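Residue numbering begins at 1 within each chain, and the chains themselves are lettered A, B and C in the order written.
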Amino acid sequence: MQRYAHILDLVRERNPLVHQITNYVTVNDCANMTICFGASPVMSHAPEDVVDMIKIAGVLVLNIGTLDENQIEGMLAAANGAKKCGIPIVLDPVGAGATPYRTQTAERFMNEFPISVVKGNAGEISTLAGVSATVRGVDSGSISGDPKETARRYAKEYGCTVVISGAEDIVSDGKRVVGVLNGVPMMGKISGTGCMASAVCGAFTAVTDPMDGCIAAMTALGIAGEEAAKTAKGPGSFKPAFFDAAAALTKEQFLKSAKITEYS
Amino acid sequence: MQRYAHILDLVRERNPLVHQITNYVTVNDCANMTICFGASPVMSHAPEDVVDMIKIAGVLVLNIGTLDENQIEGMLAAANGAKKCGIPIVLDPVGAGATPYRTQTAERFMNEFPISVVKGNAGEISTLAGVSATVRGVDSGSISGDPKETARRYAKEYGCTVVISGAEDIVSDGKRVVGVLNGVPMMGKISGTGCMASAVCGAFTAVTDPMDGCIAAMTALGIAGEEAAKTAKGPGSFKPAFFDAAAALTKEQFLKSAKITEYS
Amino acid sequence: MQRYAHILDLVRERNPLVHQITNYVTVNDCANMTICFGASPVMSHAPEDVVDMIKIAGVLVLNIGTLDENQIEGMLAAANGAKKCGIPIVLDPVGAGATPYRTQTAERFMNEFPISVVKGNAGEISTLAGVSATVRGVDSGSISGDPKETARRYAKEYGCTVVISGAEDIVSDGKRVVGVLNGVPMMGKISGTGCMASAVCGAFTAVTDPMDGCIAAMTALGIAGEEAAKTAKGPGSFKPAFFDAAAALTKEQFLKSAKITEYS
């Protein structure tokens, strides 16, 4: 547990630059949550800009929540730069499974680039892994099979870390499978929790290996959510409290509250 | 009154998918307010994506607050899909009357598609209805004539439901004219209330007829605003309280607080 | 001091229309902060739209935080319109110094248009002024030389007002150099404070001369930050409190709290 808690301090110490190309719905939340955990967000999507921005970044986070052809062009340029520089890439395949355009774009990035982390809900990841699933807009529907097995198999196939967010988050690198039980239902009652999780997975992956980084990231975000829910009167007041709790989260609180299960 | 209050429950029960193509200023507020009322928002604007997304949606909400040629192209593709599938379309003609580009774009959608609901401020709707009015940026200025008559006439001409937001919201389907007196001035002191109203009109229209749906939507949003104003210290704290109140709004509170006037 | 405090009232009285072409990260904050200080925001970036919108605006604010070719095209059209109509232009060169694309775009606007105000952090302004500096993403790094001298020289060279934000904000029109010590570190712990400052500098510049306007704007925003920090539990709760404090700021409080130093 100490090693996960330590990553929290590492991010704050190293303050990695998290280059994000993301959707226009939750981008402000992603920027603020990145700051709350001690990293620096920079949003840049123009092909002319990303080629230089990626060189000074510690990680690239791609989120296809409101993708279009222009944005994909920028994502490709940034991902190529990340590949060349050996910078890890985190992909959030928002809405994969809901439309072919989203599914195919996510698959394209998975196949053409050395993705370090792919983080989505059960429906999105199952879709990419070829498991029968339904995705409604950006929300997960029913899925077939055991998400732990889906995560492990897909992670192994692509040599990456897979994060399936849910009541229990599943994280796998193809060998280990870990569950994170931190978090509260209120996190699903605001727009942007999934996107913020990807940003935080990015910030943590910038300072350590993706598997440990994502376990720590999902745990930290979950604990912040639990803290925020204690005082929130609804989804509106939950959000400011969520940021407050993330910014205030200490190593000690992490150690006390983390619910991490090593399944294998 | 029971029939309007009932719609509140219907939305929460059916959880319609509200496909929104909207401006980048208030999009996060629209997503969150959609969730607060029990519907699911999905933002998608790429022509390649909207053709499939619209098929699983319960309603399409178009908001031209920060329109450009690319976005209009996506809106046209989505509207064509909605037309084919018989999915209702809600149009928010933000800034119509302020610039010819906005006025003409709004007119184009009114003329080319079976718009179910057009919701704007008095200046925007008056402009579209050919009534002398001034619009300053995205704010309504002075208008000529009686907004009730403007709403009724324009609704009749286009066979749609017209919502004019204001101190008293006016809703008309060309026959009936209804006023909603719920709401507080603070709602006009934050960016996004009008856009959120369109999103909520969309969510309600997805589960019932547009006229009743919009009356219920404007009433529900107004009551949430009244509740939020009770504790808010200013526009900053009003916003989280607004979302909290919307999420907590019950049928009972709706029945107790609704101020709906059937004018004819 | 009275003359700065008076500008606060002037903005609320005249309610200028602040035409903003800005980044998609903090645009909602910019809109809300503009309203809090009594001005009206309008976001419009399509070349077809800006040519008419700029005609009714009191000021144009350009922020290159998430620039791309399409947005630059809209900015050029708007800036040309502003130039023709004699409307002041405020430029926020976000990330200049971090990438050549940002630096060159900022330089292009400085060279081709009569910019009234350029507002950035020390790294951004130093980069534009040809002083050795580092910029990391959108955050200032180390700089060479005295920022007061950099501001004065660059302001003189371009015949504009230069604002360097920081622990002490520096404002210069090439002759006078003024420091503003209002503000708190928490303002740097949320995304968007710099962008909001540019929007408020714009609102104030719309009603008075740029030098006095920017001094008053930076002071007013700093005081609002100080007030908000008194009750905030973290960056999340700071933000709503920041808006509340800005909206509630009176001339009396301004006079009591302003920390303005006329250096020369």
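Here is the rule we go by: a residue touches a chain if its C-beta (ideal position, glycine included) is under 8 Å from a C-beta of that chain, and two chains touch if they have at least 3 such contacts.
Please read all numbers here as calculations on a predicted model, not as lab measurements.
J.: State which chains count as neighbours of chain A and simultaneously of chain B.
T.: Correct list: C.
J.: Can you tell me the C-alpha superposition angle of chain B onto chain C, nearest 5°?
T.: Rotating chain B by 120 degrees superposes it on chain C.
J.: In terms of residue numbering, is the interface formed by chain A and chain C classified as same (over half shared) or different (under half shared)?
T.: Result for this pair: different.
J.: How far is the middle of chain A from the middle of chain C, if each middle is the mean of its Cα atoms, in Å?
T.: The computed centroid separation for chain A versus chain C comes out at 33 Å.
J.: Could you check chain A for residues that touch two or more other chains and list them?
T.: 24, 28, 70, 239-240
J.: Spell out the part of chain B that touches chain A in their complex, as residue ranges.
T.: My answer: residues 17, 19, 24, 27-28, 31-32, 35-36, 40-46, 48-49, 52-53, 56-57, 70, 74, 239-248.
J.: Quick check on the complex: what are the chain B residues that touch chain C?
T.: Its residues touching chain C are 23-26, 28-29, 65-70, 95, 98-102, 136-139, 189-192, 233-237, 239-240.
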